[in-house]
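There are two complexes below, and they share chain A, which is joined by chain B in the first and by chain C in the second.
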Partner chain A sequence: MPTIEIDGKIITVESGLNVIQAADRLGIHIPRFCYHPGLSAAGSCRMCMVEIEKIPKLQTACTTPVHDGMVVRTDTEAVQDARRSILEYLLINHPIDCPICDKSGECLLQDYYTDYARYTSRFLETRWRKRKVFILGPTIVMDEERCVLCSRCVRFFEEVSGVRRLGIFQRGAEAYLSTYPGEVLQDRYCGNIVDICPVGALTDRDFRFNQRVWMLKQGHSVCPYCARGCNIIVDFNEKSDIQVNDRRVYRFRPRPNPMVNRYWMCDVGRYGYKHLDAAERIREPLLREGKRLTPVGWDRVIKRAALRIRETLASTGPKGVGVLVHPTVSCETTLAVRELFVEQLKIRNVSTGFPVDPAGFEDEVLIRRDSAPNRRGLEMIGLVPKGEEVPAEKLAADWAEGRIQLLYVLGDDPVRFQHPEAPSPIRAGEGILILQKTTAGPEDEHARMVLPAAMPAEEDGTFVNFEGRVQHFDAALAPLGEALPACEILQRLGEALKVEIHPECWRLGQETWAPSSSS
Partner chain B sequence: MEKVVLTRNFGKPDSHTLAVYEAGGGYQSLRKVLASWTPQQVVEEVKASNLRGRGGAGFPTGIKWGFVPKDSPKPKYLCVNADEGEPGTFKDRHIMEQDPHMMLEGTILSAYAIGSQTAYIYIRGEFVLAGARTEAAIAEAYAKGYLGENILDSGYSLDIHVHYGAGSYICGEETALIESIEGKKGWPRVKPPFPAVEGLFGCPTVVNNVETLANVPLILEKGGAWFAGLGTEKSGGTKLFTISGHVNRPGLYELPMGIPLLEMIEKHAGGVTGGRKIKGVIPGGASCPVLAAHELDIKMDFDTLMAAGSMLGSGGVIVLAEGTSMLATLLNLERFFAHESCGQCTPCREGTRWIVQILERIERGEGTAGDPDTLIDIAEHMAGRTVCPLGEAAAGPVKSFVSKFRDEFLPSPGSETGPAGAARHARAGGQEG
Partner chain C sequence: MQQILPKKEVKKLLGRYPNKDAALMPLLRAIQMKEGYISKEAEQYAAAILELHPSRVREVVAFYSMFREKPEGKHLILVCESISCALLGSETILEHLKKRLGIGIGETTADQHFTLETAECLACCDQAPAVMINDELFGPVTPEELDRILEEKQKAVDSGQ
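Then we have the complex of A and B:
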């Protein structure tokens, strides 16, 4: 294990690491454009040059392996001078259109100019013009004049997503980034190239011009759209002029986690942020009055739900009540369901959701066929003793055919976020259907009441991903409208049912499961 | 010509054929070596010869071969760099056109020395005749048993493939050449790892210039000491010089390493056209810093020129007579480098074009007093900071031309060919970067 010194700080690292990686561990930021920790080192932007003792020329930190006794300086006059010159080279033909550039505020070129350059230009020539607002594909737009040809995006497709989709064509100063001739840029992981683009060359057609990044607040969560559980950053406004009294979510971005998603996420998850503010979100508790579901307050809907559950239990006993839990709910909610419905109310008609669609898409990168985030968590908790579980199809059939008089459904059908047109597996029934969910669906027309639940980004919770990795997350932002965290709904329901429940048991701590990856 | 070694067959009828090459003693070294020498003996003999790479960098060939790991389980490759693209240089082309077997025999011997069983000859695409003659020579060598399985019953086998370049200068840089053979865009690789460890297809690889390899048969025939004795103390053999520019007899000359530059120009190239004085000489191809008139009393070898701040390079001597515009000359050179920059790394991609833009502005008569310093500063920030030597190659001429002929890059009138009465550029104040 080589021990090296960078700017007077000593660190011992495993051999094979490059200087820039060792510096990152020390918290010393060496400016970079082409280097990205999730990609191979290109060594081409020449921004990360540092001084290394006993080597006369400056060396690129991203391609120089550490060796024992190495002494690195990142703050000398020569290094500063090199950085200034690279920035000058990059900026001579840059449009410097920060005021109208979507990347402004999270642009490395902008940051580094401010940090290291601040020179007066001596460029007297005419700037070269290149392609502006060039649509690369359905989600990505390119501004060639802003591109610094760092090749991060090219390497991303080659090394991460696995298909070469972009290349740098021509040579010298005429080199430009493009798709291959005639190709439209489409990939399940396209959005990542916007995240890793160090400048405003690649912007996201969805996010573009919607919000200045410095106006956004950040929260952390876990992506709920498949069994991978990518760690995410939620970018949102608490108030915007579009929805005056409400917050609005603008984007999801991947949050690095080497054990789960490294630096990436898929576009399904990325654009899944839209479900948070979607028109289909259920904002208020709904109760069927006559033919219509009508907004009523929480008190009324909870009282009514408790009443119906009591009535049914009184007339049919526990076998007349069914509980269907979709694997989109958190472990905490699952524990609350177990305590309330299974342990206290002795209900045994319990199911943990419909099976995974075998025809669903899956790849070797991130996307899992199972579009539910917590199937493994439900399995690990076990709502009913093993083997006593009721298959969801049977529960749905028992309900539709009248063998069950009351069905309480928790969570959203995971398939519906990706296939909104898919028919609901829950058909009409004679009895009472209570839905506790986030987003409207076709089964709502059969429901007596709909209880608006928070989405995962809006509540504390824990998911267990397909590998068994336990990931706790805190609420990134407040629930939309009157929606409540699922556990709180169950707690209120328990109180209305006059059942003694212990919310503290629902919380998963270190003592419950030692989290193998905290988020 | 003195001490004719490499050009011994040049000019003979059908000099490119196997029959003529064999009649002059060709392939005797191969027979001798494969019969009784170990690869290590070949390496040692070449080390003793002081043969240095003729592609431009002048690295000792035997030492380069010694970097190939002997214990690697991977196949080893020899690449012959026949992508001769340095402006002012046209020696390898003549070897391939007039005596391709000399290169082939050298290639086989060198491949044997490094333990390679596959060699690639990367030929500049424009060299149609050279390519055809090389391919014909390879066919003859296969037919005669000098190539292929079990060469001359020695148990050693070698295949040679010819790969043509597509017109890019940068593919003469060894790692760009490797990328190109692999079917990729000719972008130089970041080093380390060096090709000797991780080269073609990720395997240990040696890239040698045509002229370098062409010397090997005679070294092994007559001995390393003999070859070393032909040259200077640290650089053995003769050198193929290609003299162009304002001389009466431009062309290819085989001369001893270390020959005085002026002797070469006056005695061999017939002096400067029109009896003019020499204004400057580019001693080793376009990328070598120019020597001014007062620097011409110099010996033409790697170390002397290096000490003088220039390079022997590939031996392309470009003579510039009095009356030549150094601005126009430098602009010509820098347009070449800007056009041939691969565009991968920032300083070279942006710097070469910026230099051209400034030189063009000076040529239009819109130069400013600050331009010479700006040019030198841009060049200094390119040199040594790029992925490959092209940045250095483009920077060298800028620094030397502008510092040695500064007047010609200034707007003031009165210089020999500078932009007289140049309109001062109005925008001297500058913009925010």
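Then we have the complex of A and C:
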């Protein structure tokens, strides 16, 4: 375990680490373009030059392994001079079009420019002109003039997503980034190259020109689109200048977590942000009056739901009521469901959702075949004792064929969550269908009531991913319209049912996991 | 896919290196010797042999100016433009060749016999101005001498046909 000194601070790290990694651990930021912690070190941009005692010339911190007794200085006059030179060189042909560049505000070149660059250019020559709008693929657009040829994107496809989809062709000032001639850039992980591009060369055609990054607020959450549970950052506006009094989510970005998603996320999850503000989101509580679902406000819909549940229980007993919980709801919601419906109302027709779609896509990188974020959590909590669960297909059939008079469905079907065109497994029935979910679907036409629930990014919750990793998240932003967090809906329903449930029954504790952790 | 080089030759070439991708440059050179240039098909052929993505092969082909990306004439004429040759009249030589062949720099004559290119130092400053035709070095050359050399080359091509 070598011990090294960087800018007077001492740190002991495992051998094999490079100087830049050791510095990162100390919180010392060494400027870099080509180095990224999730990729191999290329050592090509020369921005991370540092002074190391007993070595006469400056060294690149990203490719120099630490050794015991090493003394590194990252901010001497010589180092700053080297950075200035590199920046001057990178800026020879750079358009400096920050005012119209999407990366502006989160651009390394811009940041370092303010720190180290020569503000007055020494160049009299006109700069090179290159392709300004070069469409690489359906999601990515390239601005060749802004590219600093760091090769992060080339290495990303080669090392992370698995197929080398990009190359840097030609040489010197003529060099440019492109796909192989004739190929279109398509990949399930394309969006990541926009995140890791240190400049504004690669931009996302979806986010492009939509919002300045410094106008965005950030919240943290967990991606709800598959069983991996990638950690994400939610970028949104509470109020935009265009639509006053309305919030808008602009993008999801991966939040580094070495145990789950490292630095990456897939495009399905990334563009899943659109779901939050989608026109299909249910914005207010709906009650069927005559033939149409009509917005009625929470009080009325909760009272009506409680009344119907009471009536059904009185006439048929718990047998006549079914509860279907999709594995898109959080562990907290699951606990609240267990407390309210199973423990208090003694309902045993309880199911934890339809099985995983065997035709779903899965790969070695991140994407899981199971598109539900919390199947493992539901299994681990267990709504009913093990072995007593009702298969979702049976529950749906019992409902459609009239053996169940009231069906309460919580959460969104994970398959339809991703493929809205897929048919709904819940058919029409004679009885009362109550849906508590985020997004409109074909089953709504059979429903008596639709209760708008918050999306995962809009509520506090916990998901357990396919590996059994328990991941808690706080609400990143307020729910859309009148939607409420699922637990709060259940709490209101409990009050209306006059059932005494512990006000914080959904609080996760050690005992939550105890019964099934041995299985 | 079309086999550009005999399998035996490829095998021998790969055997000289500890890992496959190290053979990229020699393989491309062998292809260029055979075909005169590196076509898109050749890039894919090399990529398949070395288990690389074609974009990696293309990076190397595009980086080195001596890997040629389009078909050349039977004779590639390189005129040195570096300092010694420039001082001793490479400009006159180049102009003479342009006029005689009726083509510009980087172009090939209609009969596909000659391609004209400029070059950085040919490592032959003592014989400036120097010209290289395929692998053969000439210098110091005068316009008259070049005319004689080109006629010879032309004859060789004609008799070969």
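By our rule, the second predicted complex is superposed on the first by the 503 of 519 C-alpha atoms of A that agree within 3 Å, B and C clash if a C-alpha of one lies under 4 Å from a C-alpha of the other, contacts with A are read in each partner's own complex, and residues count from 1 in each chain.
FYI, a contact is a pair of C-beta atoms (placed from the backbone, for glycine too) under 8 Å apart; a residue touches a chain by one contact, two chains touch by 3 or more.
The structure displayed is predicted, hence computed values, not measured ones.
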Combined model on chain A where chain B meets chain C, clash or fit: clash
Contacts of A:P358 with chain B and chain C, given as first, second, both or neither: neither
Touch count on chain A, higher of chain B and chain C: B
Touched partner set for A:L166, first chain B, second chain C, both or neither: second
Contacts of A:P99 with chain B and chain C, given as first, second, both or neither: neither
Which superposed partner A:S44 touches (first chain B, second chain C, both, neither): first
Which of chain B and chain C A:P181 touches, first, second, both or neither: second
First, second, both or neither for A:T63, with chain B first and chain C second: first
Location of chain C clashes with chain B - one stretch out of 3-11, 21-29 or 39-47: 21-29
Chain A residues contacted in one complex by chain B, in the other by chain C: 167-168, 170-171
Residues of chain A that touch chain B when the two form their complex: 41-47, 49, 57-58, 60, 63, 65, 81-82, 85-93, 96, 113, 117, 119-126, 128, 148-149, 167-168, 170-175
Chain C partner contacts - residues on chain A that touch it in the complex: 158, 163-171, 179-181, 183
Contacting residues of chain C [partner chain A, same complex]: 40, 52-56, 58-59, 62-63, 65
Chain B residues touching chain A - in the complex, by the definition given at the top: 168, 170, 185, 190, 192, 338-347, 349-354, 357-358, 361, 368, 370, 374, 381, 384-387, 425, 427, 430-433
